Structure formats: C-alpha cells, structure tokens
Amino acid sequence: MSLSSVSRLWLFAGAVLLMTLVTGIPSRAAGIPGEIRIGTLYADSGPFATSSKSQLQGLKFWVDEVNRAGGAYVRAYHRRIPVKLITYNDRSSTTTAATLYNQLITQDHVNILAADFGSVLTSVAVPIAQEHRMLLFDQTGTGATFFSTKNPYIVLTSLPSSAEWPYSLADFLKSQPQITRAALLYATNDFTGSQAQTLRQRLHGSHVKLVFDHGVPTSTSSYALLLHNVQAARPQALIEFGYPNNDIAFLHDLQASGMKFNMVFTIFPGQLFALMESSVGPKTLAYTYTYPTPPLLVYNRVNYGPGLDNFRRAFRSAGGKEPNFLNIAGYNTGLVIQKTLATAASLQQLAMRRSIVSFSGKLHTLNGTFRIDPATGAQTGETLPVGQFIPAGKGLAVRMLYPPEVATGRPVYPAQ
Amino acid sequence: MPRGVWFSVGVVLLFVVLPFVYGNHDLLFSMMMYLVLAQGINVLFGFTGYLPFGYVGFFGAGAYGMSLAILLLHFPPFAALIAGAAAAVLVALVLAPLLRLSGAYFAIASLAASEVLYYVISNPHLTSITQGPYGINLAAVYDSSASYAVMVAVLALALGMVVYLRNSRTGLALQAIREEPVSAGFAGVNVVRERTRAWLMSAALAGLAGGAYAWHVSVFYPKPVFDLNISVFAIVFTLFGGVATLSGPVVGTLLLYGLYNWIGISQPQYFQLVFGVVIVALVLFLPNGLVSLLRRVGANVP
Amino acid sequence: MCPSALLSVERLSKRFGAFAALDGLSLELAPGEILGLVGPNGSGKTTAINVISGVYTADSGTIRLEGRPVGNLPIHRRTRLGINRTFQVPKPFKALTVAENLEVAAVHSNAGREDIARHLDLLDLSPLADRQALTLNSAQQKRLDLARAMITRPRLLLVDELGAGLNPAELTRMAQMLQEIARSGVALLVVEHLLGFLRVLTSRVVVMDAGREIFEGSLEAAAKDSRVIDVFFGH
Amino acid sequence: MIAYTLSAGLLFGLYFSLAALGLNLVFGVMRLINLAHGDFLMLGAFLAYGLYTVAGLNPLYAIPAEVVVFMFAGVILYYAVVPRLLASHNPEMLSFILLFGLSQIIEALAVIAFGNDERAIPSTIYGSRPVSLFGQTFPVAWVVSAAVSALALLAVYLYLHHSRLGYATRAVMASRDEAAGTGINVHRVSAIALGVGLALAATAGAFSAFMLGSIGPDMGIHITTVSFAVIVIGSLGNPLGTVLGGLVYGLGLMFMETYHPSWADLLPFVLLIVILLIRPSGLLGQRVRLA
C-alpha cells in the first residue's frame, strides 16, 4: 500500500468526519443567557409523521407566542428571556432519533430537552437523557417502563401512562347493567397492549364478561374477518384499541360489513377527530364511543394559559387550521416548560424537576390538570373520560358519559 | 504486514480518539455500527456474491439474543454479547439451505426469513419469552461507555476479518465461488463449506453489532432492530464504496452515513431519494463502487 | 472390469424429465490414454462428461477411479482425487487475474508459486498473468481453463470441445499441449466435433447415439461402420 | 365459518393473482425480478385515489387511465435501462439492484408528493349494503375487486394465447435467443410485456384501498414480497400459474386470519421460503435456477 494512497484515503475520511461534526459550538456566555434553548425531534416521514408533526406544531405555536411577549419569564434571572426551539427530523427511526437526541444535548447544549411523539420515539431518549442528566420533557410517550423511582430525569407532560387510560372506560362498562358480554380487540404493542391488560384486570369479576379477547399485529389493516369472528361471539360491546391506522381500518371494515353492535369503542376519534372523520365519514363515527380529549373535551378550570376557545381562535388565526389534540398536547408541553422556567430557582435540571413537583396538581391548563407522580414523573392528572359521538345537525357532537362529574348526558344504547 | 492492516488500525484508533473531542457519541456509535454491518455485507456479498436483503435479521437476532440472555439467563453483559452473536450464528445455520438459491431468489428468500424472525419474536403469544411486541428494557445494565468500547472491538474484528479475506487464499476461494461456483469446485474448493463459513462469519458480525446496539440503547421495540432499512443502508454503503475491498465499505459508510446525518440534521426527507438515485447511478455508471475510481487513477487502495 | 483401468464407467444413465441423455453408457480408460468421444448433437457426450466430473449425479450406474466408486462424491472431492475437466464455454473466475485464477486451484494441490509460473508458461499465459480473466479472448480463456484444470494435478482430464472456435495455428498448438499432458500419464477423455483435430490426438474413439455407445474402435473403422454412418447421415 | 372463510379466500385469491400477475409476466419475459413491482402498484393506488378525491371517480373508471399511463411508463422504463443491463457482466444481479434503487426513488417521491398519511377510499362508494355470495355476505368492494381481477386474468389469457403479440411473447418466454433467431423483435415484445406488467400492477393498485385496508407510500416492498410469494407458489415465469398461487395464498391467508390471526403475517414469508427450498419449481412448472 503506497503512502500517497493512504494519506489520500485519510484525507477523505477526515473530510467526511468533519462534515458530520456539525455546527453547534457551545456558546456559554457567563451570566445571563441570551436565549433559552429548547431541543426536540419530530418525524417528517414514517409511521409517526402525522402525529409528530401535529405535536411539534403545537409546541412551535407556544414558542412564537412566548417570544412575541418578549420571551419566557425565567425566575433564575428574574427577567424574560427569548426562547429558541432547535428541532431535528428523526424520520420515525429510533436509531436516528438516538443520534439526534445526543446531538441536542452534546452539541447544541439545549437547556430543555423535549421528546418526540409517542412511546417508540421517546423510548430511546429515556436512557440518553438519564445518562446526560437532562430532564426529559416527555410529551406523549406513555410507555409504563419509562417511569421508575430510580430515574428523576423524566416528566410526562400530557396524558397519563397508557396503562391508566381505560380506568374510566372499565368503570363505565361496569356501570351499565345491560352490558354483560364485551369483546376486546387490540393491537399488540406497548400502547394498546397495556390498555387491554388494564381493561381485562378491571373487568375481571364484574358482571361484564369478555367473550372475545384477541390481540392482532399493529400492522393489521383488514378487520373484516376478525369482525366476523367477533360477531360469532355475540358481544354487546366491542372495544377496539389500536393506533390511528388500526382504528381507521377497523371502522372502515365495520361499516363495509354491515354489522351492528350495541356499543363500539375506539381510541383515536377522540384525539384525531378531523382525520378520523375525513377517513371514515361522520356516518361511521355516529354513536361510537371514545376517550374525548381537547378540543372535543373542554376544561373549564383553566388557571394557566388560554382556555380552549381562546386557544382555538389564536391557533386558527396563526395557521388557519382547527387545532387537534396533539397540537394541544404540544402546546401544553410549552405551558409546562413556561411554568417550570417561571418557578425554578435555577436552570439546573434537578432544580427544574423539583419545581415541577411543587406545582404538580395546581396547574390547570386547557389540557386538564397537570399532576405527576412525584416519585416517577409519570402523569396522573389528565385522566381520560368516556364519551360518545351523537349526530348533531350535519356533523357530530360529543356527549360526555363518564365519570359522572363530567357527564353531559346518558349514552344512546343500543347504538342506532 | 498484510495489506490493509494500517488502514484498519487507523480507522479503529479514530473511533477511540474521537469521543474525547466530539460529544455526540451516539453518532459515532451508529457510524461504527454501520461500518460493521457494511463489512458484514462485504464478507458475504463482496466475497461470495450472495446479497442478503434480510441481513438485518442477524442484527435483530443478536440484539434479542443479547437481551434475552440478560433478562432470562441473567448473563453478565459481555457473556450476553457472545450469546447474541451465537443466536445470530444459530439463525444462520438454520437458514444455510437458502444458500442453495441463487442471485435474486436468495436475496428475497433471506428478506422473507428476516420477516419470519421479526414476526415470531414480536408475536404476542411469545410475550413471556421475548416480551413480544412490547419491547426490551435493559436499563439495569445500561452502560454507554462499555457498550461503546465493545462496538470499537467489534469494528476491529470486522476490519480484521476483511483484511484476512483480502490477503488469504480463503478470500480468493470465496471470490472464485462468487464468479463461477462450478469452476470453483474444479479448483478443489469445497463450495458448500466455504460459502457457509462466509455466511456464518457475516452473521456473527451482524449479531455482535446487534448485541452491542441493544446494550447501547437498552430500551427498544422489535420493529427498529428488524427494520429493513438497516439492511438497505448497509448494502448501499457497501456498494457505494466498492465490494470485495477493505476500504470501499469504510469510505462508503463514512461518506453516505455522514451525508445522512448532515442532511438528516437539516433536510432529511430527500434522503431516500438520494439513496435511490445513488443506487441506480452506481449500477449504470460505476458498478464497482467509488474505490474503483481511485484504482483507475492508479491508487493502490486496500 | 480391467484391473489396469484408471476410469471405468458402467451402465451410466441420466434422464432429464422424459429425455434419456445417458442410457447405459460404459467405457474404460487407462492412464496416459486418449479416448475420443464422438456422436451427433444430443447424443449425450457432454452429459457423460458432466456426470463423470460430478456436475450432475447419475440416476444409475457406477463411476470408478482406480476401482474406487466416485459417483456420489461432490465436485471438489473428485477434483482432489484427480478428476478434472475443461468447459465447452470456458468458465474462468472473470473478476480475478489470470494468476489468481490459478492460485485458487493451487491451494488444494499444494502447488507453489513455481508451479503456477510453470503452468502459465506451459499454456502461453505468462504475459497475461496480471490481466483480469474477463479481458481474455476465447482462445486465451480456453487455455486458462486448461491451466486451471492442470494445476490440480489431475490423472483424468475430461476435455469438452476444446477445438471449437480456434484457428488452425491454435488448433495445432492445442493438440501439442494435450499430447504432452497425456505423455505425462494423464488419461484424456476428449469430446470433439472437429474430427481432424481428434485424429491428431488419438486413434481410439467411442461413438455415442441416444445416450449409449454404438461403436468402439479406431476413427478409421468408425468411418466405415454402417451404424455410425447411419447415425451421422441417416436421419 | 368455514364457508365464509373459503369464499373470502377465493375473492382475495383472485385479487392477489392480479396483484402478482404483472411481476410474473415480467419475470417470464425478461428473467428479472421487478423489485419495484409493489411501488408501481402503490402509484396505481394513488392515481385511483387522486381521481376519486379530485373528480369523485369510482376506481372502476380509473382503470383505463391506469392502463394507458403505466403501459407507457413500462415501455419507457424498458428502453431506458433493460437493453443496457442485459449487455452487462452480471445482468441478473445488477438489474435486481437497479430495480431496488428505483423502488427507493418511487417511494421517496411518493412520500414527498403525497405525504405519509394512510389513505382510504370509502368502500361505500359501491353502496353500503353488503352482497350475498355463496350464502355469505361480503362488502361490495371485495366482490367488485375480485370480479375485475378475474376479467383482467381472462384478458391476459386471451392476449397470451389468442393474439399474434401474445404468441411472440410466449416465444420470448421460452427462449429469448431462439425467438430473436426467428425474426421476433425481442425488445419490442419485452417492452410491451413490461408495460402490460406495470399496467396490471396499477390496476390491482386501484383496488388495493379496499382489499388491503389503506394505502400509503411505503406499502410497496411488502406487496412485492407477497407477490413474489404468490408467483413462486404458482410457478415462476408461467403467468397462468399465478392464479393457482394467488388462490392458495388467498385461502391460506383467510384461514390463518380466521383461526390463528396473530400468526397470519408469517404466512407469505414461510410459504415463500418453504416452496423455494422444497419445490423450487412451484406447484406447476419448471425449476428455478439453483446455485
């Protein structure tokens, strides 16, 4: 091997590595920082793109709003400081996401680290954040395994851990004496698998018997045959837990099959109403049960940030679109960050976590009551009620059914 | 000194030194991971001509072998890593009959095999063993520096393997099989044994990479470790640099994965497009990869 | 079975679907002997070479090398026992250089650098040693094919249509080479269309038709044999 | 339940035959595996979806557009790359890799053009009342898709066995060299076969929203593998064997989904491997090349 060729190759390799050691020279001015750097990831392609982009949009909306007011108030410096959002695209790939979370921490030296949408893309951030002692603002990553007493570097800002989602659904079913036979059809992944587990446990021993209980791959896109099997078990209530794609395919095939069940429950019409309505049509959604979330669900006790109507107006005038739940979840992350900056004595990560524990349970936003388990950082406040879509004029309205304190009416049972 | 030793030592040293001057260790880790996988593809495709689309199956087998050895058998991480490699080799042994298929049939059959592996491991009925679709959590043994060090060692092994093949008659025999399996037989080469050996070596590399990856990320779901894109990346990097050479896959990975992260940090949606165009352009204009250009201008590339 | 025979083949049969490519072929070959195998297209000559060399396995019948049955051995085992062949369309390792082509084959016969050099020289390949095999012309590829076979030190060499496509000067040179090889004690089974080329090499031929032997003897006698005439010109 | 599964299997079997037929035709004529097959099917699906959303067109009426557009695309693709590849050192592997690159390009462009959302055409477009068939009720869209598939299969049969071009096509399938020797314009025949292959894929794509649940830019590679499984089961290079492969696959899939749904995803892959290893010639037909 000649020396010249060796050095040529090294030049080559060196140039490439330089290329990868991108930007982000730390600019740690002593004293007051010129900006608060918030880092997060989003997916522009791949299975999580739709949800992830919505969530980011909400967070961005908050950033713009705060900066128009001259920045976020930072208690540590007793003044408003502009917020800078640094975002990278992980294309729904966990490998890429791991690299990029690392990039945010080690190269961009962000002050605040927020996770991408959902459990899968959050999962890789958990150990990285812990290793670098960065508090991870987990927005919608609800995997139960993320939260433990050993790791103080995580806080779930929206939605409770997925295993807690069906609490009110189970109670609702148990409160309905006419429902004795229920069918459970779920996609086998962390998110819906844990919900199925909870529902199963909570219904156990009650008058509601699970006459059908089946997990299907998350990639399932045809439910026609499964529905046939369900029908053979003659349930009164059919609970389907899945990701949006599952719910769309399920509702679609249910409509095409011509079958009728007295009660049908799915998750995502309550979160991504516009998408679901345009995909399966309002007729299919009528009388379907769901977990309504904002904007379908309105919290009236808001003591921090705008109420739903104000937010909706502002969001529409900024982007022209009706906000969906993930927009609100992203915005809510911003509110929690804002409150944290306003109360934490320093920008040190554990100081922030302490301040979050201090306002936990006292913060009521348009997304509900923010309350975390002080030991694990898991969300326990924003519980999910049960509601039903009722035809109203040309469209649909949500009737809240359970728990009783939020109920706005009685269920239409059996469905028409 | 056999050709390529200094080059390999240089590459390994680079990844030993870089963490001290550059903070994004995950990027360095993924770069090494793809260097290993690209060399694994090189061992198989470059030297024997079998294109394993399902190469990621070995990676996933390694990741799961490692994780389950820790979770079920309570192995310490280093022993579990070997278990991961063993799992990949075991899978390769079971799949060895696929080598009877030629060309495109083999490529597609190996892809199918990796899908089978994925659907079995992620099957909810096996949750009590594999955690099914719910994913693996190795937080208890998480150690980012030890797993980084392990990946450096795996990289050294991968480069060493290719240096050996480039300089030995075994490597020559494999290339003979790639060119004309029947003539290779008449050269006295035990075609079945040699190609199976390359297959197992290649699987072991992917298994080790998968095990080190599992340890490094410590929390993962089945889909990401059986993601077809991992095969695709490794194949494209190898083809781009040039197969059956030591430096080709290295240069291909550094350039393209570097580009991936560079674009990925600003404008990644065009990346798949860039990949596709690179593949088509390579086939039409530069079937022997980038290093063949260097060769053409007279450089002696390892 | 003749005790001095190097190769003895008995009642070899090979069918492809309904077509019987070999139908009870028997023949024997002594060390250093050159036997010509002739017959019309599709009479089974190349199949005979493929079955004896191990590319195909026979449906029935036996193949013995010095009395040892080899009919079920894989190619590389037969090669190491001393059976080798050339191909009608040469199959060199195209991406490798000429020297590397021989190096592959040198491993199992423990041939050293000098052996490789000698064989390159013997087959007029020395000036081409560093060229990639795919850049050779067809005559050069045929010589490389022969060199690759020879370096494994065969005792039986199966030669499939070596003369086709060579010009008269190359034919003469090739015939000399084959005669030298036979003189060193290697038995040659030569499938050949060019009867002139074959006549230079040997006087003993086996004529095949429809997978079986219909004549054995000298080339001259064959030309007068009614069955042979019938087969070549009858239909 | 068995009656339902059987008849659903027949409907899906017909559909999968159509989905895979183009791949087999192209393989038969050119001996190359079109790895971008599923991506062309995806493009066909988006064309039908586009016509539906823009003009409210029922996918049935999208068929003529699909056929014209993709015939044309196939012929262009052929002349752009295939003759060049056939002349190369290792045409089989190189074309395989090239088509793989093409599949990546198509998918990437589709993501850029259509975004990542899964789309669906409401199956109620054919009326919301299910149809009764063999004493069982099925969504209308299934029956329409299966009927279109059956007609397309018949059309391909007529083309191959009752037209001059089809005769030439079969000659090229039997032996490219000999066909060229008898004066057949091999390039023209092959280019048309590639066009027909893509048009068949695109036609199947128009109905994929009904049969596969939803459509998205990343559906291609899965369809390609399933189609490959179908043609391997039937017989490689024998277009009509595809029907048998499709029916075996469709019935198998429906039985798995009825009785062991969580293992159903394994089916195409296991079938593919088992058939390649045990009976590489498929249930009908010639053996594939082994190493």
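In order of appearance the chains are A, B, C and D, and numbering begins at 1 in each one.
Keep this in mind: contacts are C-beta pairs under 8 Å (C-beta built on N, C-alpha and C of every residue); 3 or more make two chains touch, one makes a residue touch a chain.
What you see is a predicted model, and the numbers here were worked out from it, not measured in a lab.
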| item | value |
| --- | --- |
| Chain pair with the higher count of C-beta pairs in contact (B-D, B-C) | B-D |
| Centroid-based (C-alpha) most distant chain relative to subunit D | C |
| Chain occupying the most central position, where position means C-alpha average | B |
| Where subunit C and subunit D are represented by their mean Cα positions, the distance between them in whole Å | 46 |
| Centre-to-centre distance between subunit C and subunit B (centres being mean Cα positions), rounded to whole Å | 42 |
| Whole-Å gap between the CA centroids of subunit B and subunit D | 32 |
| Whole-Å gap separating subunit A and subunit B, where each centre is the average of the chain's CA atoms | 35 |
| Touching two or more other chains - residues of subunit A | 45, 188, 215, 217 |
| Contacts with two or more other chains, residues of subunit B listed in rising order | 119, 124, 269, 271-272 |
| Overlap residues in subunit D, where contacts from two or more other chains coincide | 89, 111, 262, 265 |
| Subunit D residues touching subunit B - in the complex, by the definition given at the top | 32-33, 81, 84-85, 88-89, 92-98, 100-109, 111-112, 221, 225, 228-229, 262-263, 265-266, 268-270, 272-273, 276-277, 280, 288-291 |
| Contacting residues of subunit B [partner subunit D, same complex] | 49, 51, 97-109, 111-113, 115-116, 119-120, 123-125, 181, 228, 232, 239, 269-273, 275-280, 282-284, 287 |
| List of subunit B residues in touch with subunit A within their complex | 3-4, 6-7, 10-11, 14, 18, 22-27, 30-31, 119, 122, 124, 132-135, 137, 139, 142, 144, 217-221, 223-224, 227, 229-230, 247, 250-251, 254-255, 257-259, 261-262, 264-265, 267-269, 271-272, 294, 299-302 |
| Residues on subunit A engaged by subunit D in the complex (per definition of touch) | 45-47, 49-50, 188, 214-217, 219-226, 228-229, 232, 244-245, 248-249, 252-253, 255-258, 275, 279-281 |
| For the subunit B and subunit C complex, residues of the former touching the latter | 169, 172-173, 175-176, 178-180, 182-192, 244 |
